[in-house]
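Let me give you the structure first, and then I'll get to my questions.
The letters A, B, C and D name the chains in turn, as written, and every chain counts its residues from 1.
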Amino acid sequence: MALEQILKPSDFATDVHNDWCPGCGDFGILRTIQMALAELKMEPHRVTIVSGIGCSAKTVHYVKTYGIHTLHGRALPYATGVKLANPQLKVLCLSGDGDGLGIGGGHFVNAGRRNLDMLYIIHDNGVYGLTKGQAAPTLKLGVQTKSLAHPNINEAVNPIWLALAAGATWVGRGYSYDIKHLVATIKAGIEHKGYAFLDVLQPCPTYNDLNTKEWYGGEDRKDPAGGRPLPRVYKLEEEGYDPVVRDPSEVEKKTTQALEKALEWGDRIPIGVFYKNEHVPTFEERIAQRVPTYMNHPPALQPIAGPNGEPRTDLTRILQRLTFKAE
Amino acid sequence: MSSSAAKVNDLSWMIGGPQGSGVDSSANVFARACAAGGLHIFGKREFYSNIMGEHSYFALRAHSNLVRSHIDDVNVLATFEAETLFRHAREVTDDGAIIYDPSLGKTRLSDIPTIETRLAADLKTYLISRGVGETLDDVLAASKQRGVSLVPIPFKDLLEQIADEFQIDQLSKISRVVNMLAVGASFGILGFDFEMMRRALEDVFRAKAKVVNMNAAGARKAYDIAKALVPEFPYRLEKLPRPEARLFLTGSQATALGKLYGGMRFQTYYPITPASDESEFLEENELLDLNGHGLGPETRDAATPKEEGASILVVQTEDEIAAITMATGAALTGARSATATSGPGFCLMMEGIGWASINEVPIVITLYQRAGPSTGMPTRHEQGDLRFALHAGHGESPRILLASGDFEECIRDGLLAFNYADRYQMPVIHLVDKALANSYATTPVPDLSDLRIDRGALALENNGYSKDNPYKRFDLSNGPVSPRAFLGQEGTIFWNTGDEHEERGHITEDPMVRDAMMEKRFAKLDLAAKEIPRDVKLRYFGPKNPPTVIVSWGSTKGALLDALDRLWAEGAKVGYLHVRLINPFPTAEILPYLAKAKRRIGIEMNFGAQLAGIVREQTGVEMTHFILKYNGRPMSNTELYDAIQAVVRGKAAKRTVLTRGS
Amino acid sequence: MSSSAAKVNDLSWMIGGPQGSGVDSSANVFARACAAGGLHIFGKREFYSNIMGEHSYFALRAHSNLVRSHIDDVNVLATFEAETLFRHAREVTDDGAIIYDPSLGKTRLSDIPTIETRLAADLKTYLISRGVGETLDDVLAASKQRGVSLVPIPFKDLLEQIADEFQIDQLSKISRVVNMLAVGASFGILGFDFEMMRRALEDVFRAKAKVVNMNAAGARKAYDIAKALVPEFPYRLEKLPRPEARLFLTGSQATALGKLYGGMRFQTYYPITPASDESEFLEENELLDLNGHGLGPETRDAATPKEEGASILVVQTEDEIAAITMATGAALTGARSATATSGPGFCLMMEGIGWASINEVPIVITLYQRAGPSTGMPTRHEQGDLRFALHAGHGESPRILLASGDFEECIRDGLLAFNYADRYQMPVIHLVDKALANSYATTPVPDLSDLRIDRGALALENNGYSKDNPYKRFDLSNGPVSPRAFLGQEGTIFWNTGDEHEERGHITEDPMVRDAMMEKRFAKLDLAAKEIPRDVKLRYFGPKNPPTVIVSWGSTKGALLDALDRLWAEGAKVGYLHVRLINPFPTAEILPYLAKAKRRIGIEMNFGAQLAGIVREQTGVEMTHFILKYNGRPMSNTELYDAIQAVVRGKAAKRTVLTRGS
Amino acid sequence: MALEQILKPSDFATDVHNDWCPGCGDFGILRTIQMALAELKMEPHRVTIVSGIGCSAKTVHYVKTYGIHTLHGRALPYATGVKLANPQLKVLCLSGDGDGLGIGGGHFVNAGRRNLDMLYIIHDNGVYGLTKGQAAPTLKLGVQTKSLAHPNINEAVNPIWLALAAGATWVGRGYSYDIKHLVATIKAGIEHKGYAFLDVLQPCPTYNDLNTKEWYGGEDRKDPAGGRPLPRVYKLEEEGYDPVVRDPSEVEKKTTQALEKALEWGDRIPIGVFYKNEHVPTFEERIAQRVPTYMNHPPALQPIAGPNGEPRTDLTRILQRLTFKAE
């Protein structure tokens, strides 16, 4: 398929019936992924999208690229396997907040340590959507959505902060109703060299009646003058925030700055890129240091058999150490 | 405790000492020296789940013919410390010898804190029954009473001499030489050509000439002392001329070789005993050569140009959940991909195995069984995971189970596992076990020229799929196997999901599509049952239609064949069915062997006689006898011989539990 | 599609509509109205793994006697939307009725994107065969041809009237009333006392008087319209006088009640369908009363003073690994502790179950089976986890498996599971399934006065242990069960480890202690096999020594008993063995039933006939026939009746696969 | 046992043979735990120590309190279960770095969200000790211990940082060869109201030849003047560092300060208390808000049966909602 033809988001759409609730924030994420892939002129078959389990995870069925809908909490290791075996593929990974930060918390931490070149998106809706609205790890302590029998008893985890602690080299946040900004952010994440983590604020109108579109949009606090809502969400880049580590010596400063921004919530919720550092070698680069042919001959692209199935791996060198020969 | 006739090249040797003190390399040198002299070797290693200090030992057999198992008797026990003597002196045959440090004679049993309360009590009872006290001298005296030759070696003196000769300032720097002295002394009484030991030392310490020389010098001194002390020892080792080329390796290495040869290019692991040895071996050998199609240099096809860029990527993951899922992700790209683990890690792979099965992903799980349940005895042996592996994962999904019984099967199954995974598009669980993994032996270089790589049905690139004729990953129209495409391939975009799915791989809950997919998946297992060759499924050893048939699996094979050789030589009519393909179960092939047998013995290293349960479930035939063991130590040739004989003679209870091993 | 004689109080009713549109509360109102009228109800719920919009339906049976299952036929189908009609119109009996919205007549099959491709094709073929087009009007016409009464209800008009009456500005605000109109219309043609519906509405919407009135007003209108349209409908519902007190609940609730009654005070869970309903129910009822010892108010013992402070702590964990391990930690303190999950979560509990078993910790795992493998069909039914639960965890460790077949068994087993866990100090896996969990029914309040709490052997505080006579958690000297102490208790400090351990609980690798501990653990299972009463192990239904015996387990019980009632009434000689204790397997108790039977039918909701495999493994007896189902929909009384009859008449193949359900 | 008698660390010792390697840093941790318990006058049977799997996890067998040696990576949830079912017990939890941060990473994150009143200690040796020296999550990128075939390919995780991100309300670090300091730190951790996390630098002389006692002690960089080694480890409290959040408004400041300290490594490695905040309600307190009798009648201490085993749970209230009565 010639690349020039793939320019429309609809080229990334499938005919699969979408069964999200009306008004679900996931629609925005789906659309922006399709737009970003189109704008980046990606060939659909060169892209693999991996997801966990949850409402969010169904996304892959609606995108016309290879789509791997895996197990609850395991999107990251599956995606890692795909990328490691064939680093020439573009890999996106999607999780719900329960999927990525609850049951998948251990992988979240360890993916940061690798810095593999891929983008990981968490659909942050504060609830376990598909199992009917239990509190997810991003829901704040003491709040009570309509789906809960009691106020939430756990402190929330801060995804931005955790990603920084884990070692992600690009950390961002988007909002699923700001399509234009989200497309740009997703594109930036895809283009980052290394492991990029993107938290997307994704209202779940069915179960989370607190962090709604109206709330993020500030409908409850109208500008006394014009009567216009004062959105809670604001853009980092519009306030001159510079997330980029331009020199390794800046790591500490830029990290601390990102951490401070990550603490903001409530009246002012920053979106945009919090941190970006391309001075850390990617996992692929680290492997290539040991195995120089890795990028061109990764595991997926090595011939292993001759025309008649003859095994082509030559074990001579290894066997020499394990063989006793006649005198 | 048994025969006392002079024996050439039929020896059971043991060396013991604290973990981490160099016992392993001395055993290695002993084995290599024997191998260099053309002898066959079988070595078994026993150690605690500990890094340093706890007792470990190596039991080695050296023989002119192939040996496949250990025996309970020890002919020569060598050690430089007390605990080994307390623990093992009783195992030495009456015509055997003990090589020891005479300066330890006053050590009391109660001085050794690492001896288990139960064992200490037992030992005490023994010493009292012998009318002696509880020092090491008492233990030695009791041995001597029986006829055992005592070979005191002045380890410290010898070390000091070496230190002098090689100008070493601190004795502690050469403390490990002490083990080689014990080896040297052993060869001394056995009359073995010392040159073989020197060669072995060169082999083991390769580049370090000084270390080789130092060890050789010390060992020679001990050799001479021992030879002088026991000039007429009934056991002898003699060099054999011109042996054929032989492999000398462990079961882990054999399995790794099979997998590499089979084209594995991606392996994940999380550290665990005893599985991680394999992954670490692979990691050390990550740069590969691509070339002809032989296993060894002799079969290399010079015409095929050497290609660049072959390598295997071994990834240490954060846990075993990541190990199985990452390997599965890799398999989707077309790379032959595997993970290796043991029980606790396997527990964490249940969901991943189910996902791979419903998505028809070829993936290999090498399961190194060890003694369970739970953490159990991590460094000890068992075949306890059979049923768990068979039913792994909730719901119902097909998988193939292959269980290797010896090194050659490890190599072959290493490759076949991938072939079956690809051909039947499902997980293959390759069962190995601790005894197999950690034993090392010489074995003829197997002829593997029959092995081929079979990748099964593939949807090739430029495949003619189009909008009107789209690729369907789970196509239902052409038999149970649908051509597989790799991620990244053009024209074959597909979806996977752990949910039930329709042909393209999207979620469905349609009851009829569901039925079709369930039936498709299991039909592949029926196909495998039809296609997999009989000689992979099972092997039968022994006379035709004997009254007694043994059914067993896995690494009991070596000890069984060794024991049966003796029983057959004595005229016993016993057959042995070694089952290698556990699932799909070779019901039809097995039934004829069992139907006519009067006595059927299930022999397994587990409590529940798991294979016997499967046999009954599948064939309705019940075993009449069981010989089981679950104390963590592999079955010996000796105890199997005795137990089988008892069954044949009608003297055995329905259930015999073997308990030997320390 | 069957009989057309007038029938009083024997009805199969169905309502369908998109998930989240209020279909569930209308089914609830229908059921409660019937129950209020003294009828028995059995309701089955089918829905997609989806939150909003996908098709869901409720099939309800109302009867003067106890009903325990659904049938395939539908007598009245009620809905306000098109998809339900496309999907279910064919299920309506020729003498039945369809309540629908006439304004949807022009809707075409192809307008409904949520209908699966396979189903759409199938429907089209059907419509063509009937010679009609593919609009809803065509579907209705085809129904009418068969004799089905059509009951058009002008839903929108009625809504508008209600909006007017109650001064609602936007129709969308009362959109959910539409479901109640369908219920009202149903009762209209059935001639049921409308007052019962009003009561049910009050029940369901408790505090909200306006909602009750609005719904009642609308329903009444629909009631009258429908009644006028079909005055002579052959099916009738009539109030029954003075029924005894009845429970009206779901299987999840029944299980929760049993566990609470059994003294459970700690439960962990990670959200999962269909298991989390139970935990959420417990969470809502976390504050408990301590008092007498009856289940219901009638058995309350007024003499026992009410005590304060009873509560259950329900903890939502980060995953199921944490769920099982946290619950086990809690169990060590003496709290009766459990976790509840379904297949994928159970997969993550393997190691935890092994640890609890080797450490002899009483812990209950309530396993809500759903259709696997992998994510499978999360909201659909299956009994596919039997083998997996039996062999859960690597290595070999004992556990008890109890499988409930109906609500009373759920309650009893909820309590018994804890008794057995405590008495035999091992994990108990309590198997329930989606069909049982999500079905709701009226059932007489069971008499549980025989139930007692048994905590097994305990090491009490002030127990006389001392330095010289220390407490040993795994004391080997007094039979397989060692008195258990709780963390925090004085004088009984102990250790636990997943490693093999000696009597105090410290790690050991001593081969003889190992054997003793393995044998101790499994001896407890033998003890359980001896002690557990026969009527917990199994129930036999039917004539003595019949030529045909059914072996089944779990929630097939309801449909089987309902089908057998009909077969027995017709004189069929069929027995039914309902197995409730799966492990230790009641071999001795089962054998006599099977030995003499000519035909043995294994009936299970799975592909592999898992219980039948266990029966053969344990008894050697093979089933002659299988009736299996694995399409995710529970077996109906109807299809079971047909399939069993075919076997009895010698007309069935060895394997019958049931496929009904949508 | 009267409390006054329990004053010696040896009262907390068992007769179990200790099988750690000579010179292992675990000895120091064992000893300090015994000392701290003695100094705090804890009754042995009121204490439960829970551990995972690894060399470090064997500790519980050497301490005479209830000792629960669990599964690899699962020490925290087991400990959580114990504490929740009987909050009157004192619970300590021990892990190796592989145990706690690798396979147990997900629980690490979620334990922070709860703030249960217990102390969690990680034996930080940079390697998987018991499985023979593979790289653990705290080993730095690119370094190669003698047990590794290749330089470490993963970035290290920063335990202090991660604990803060997860929500631990007390975060400290100790060094296993500074016994006095470690005893004090462990005591402070035990006495903290809420979830306390303690990272202990624990040399593994057998496999980690980089982060050795000599290295921490600075033997390789002697003071040019006196020739004395210049230790890398230094004490926060000696430099006037104040970790305590005295008022909720200080949270951000004190957190940032702790994060900055957590980044120090190499030439200067801080030990001591990084952060302490008792203004967050403990999990026990959160439960007691819903269930007022929780502390006095926790799950472990409720009567459930009468003298003859009669079930004592009265379900009347629940059943009322589930019963249909005769008219």
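In the analysis below, a contact is a pair of C-beta atoms (placed from the backbone, for glycine too) under 8 Å apart; a residue touches a chain by one contact, two chains touch by 3 or more.
Remember, it's a predicted structure, so these values are computed and weren't measured experimentally.
Q: Write down the chain pair with more C-beta contact pairs when B-D is set against C-D.
A: Pair with the higher count of C-beta contacts: C-D.
Q: Let me spell it out: compute each chain's centre from its C-alpha atoms, then which one is farthest from chain C's centre?
A: B
Q: Just give me the whole-number Å value for how far the CA centre of chain A lies from that of chain D.
A: Chain centres of chain A and chain D, defined by C-alpha means, are spaced 31 Å apart.
Q: Centroid of chain B to centroid of chain D, CA atoms only: how many Å?
A: Spacing between the chain centres: roughly 38 Å.
Q: Quick check: how many Å separate the C-alpha centres of chain B and chain C?
A: 46
Q: Using mean C-alpha positions as chain centres, tell me how far chain C is from chain D in Å, no decimals.
A: 42
Q: Out of chain A, which residues touch more than one other chain, so two or more?
A: Within chain A, the residues that touch at least two other chains are 53, 71, 102-103, 105-107, 109-110, 137, 150, 287, 290.
Q: Of all residues in chain C, which are in touch with two or more distinct other chains?
A: 48-49, 318-319, 344, 351, 355, 374-375, 497-499, 507
Q: Under the definition above, what is the set of chain A residues touching chain D in their complex?
A: 101-110, 112-115, 137, 141, 150, 153-158, 161-162, 164-167, 252, 255-256, 259-260, 263, 280, 283, 286-287, 290
Q: Per the contact definition, I'd like the list of chain B residues that touch chain C in the complex.
A: Checking each residue of chain B against chain C gives 48-49, 116-119, 122, 342-344, 346-348, 350-351, 354-355, 357-359, 369, 371-380, 382, 384-385, 387-388, 390-397, 497-500, 502, 507-515, 518, 522, 606-608, 613-614, 616-617, 620, 622, 630-633, 657, 659, 661-662.
Q: Which chain B residues qualify as touching chain A in the complex?
A: 35-36, 242-249, 253, 257, 260-263, 265-266, 268, 285-297, 300, 304, 306-313, 315, 317-319, 321-322, 325-337, 351-352, 355, 415, 442, 445, 451-455, 486-499, 505-507
Q: So in the complex, which bits of chain A are touching chain B?
A: Per the stated touch rule, the residues are 1, 14, 16, 43-46, 48, 50, 53, 58, 60-61, 64-71, 74, 76-86, 88-89, 106-107, 109-110, 287, 290-291, 293-294, 296-306, 308-320, 322-327.
Q: Would you tell me which residues of chain D are touching chain B in their complex?
A: 17, 19-22, 53, 55, 71-73, 98, 102-103, 105, 128-132, 134-135, 137, 149-150, 206
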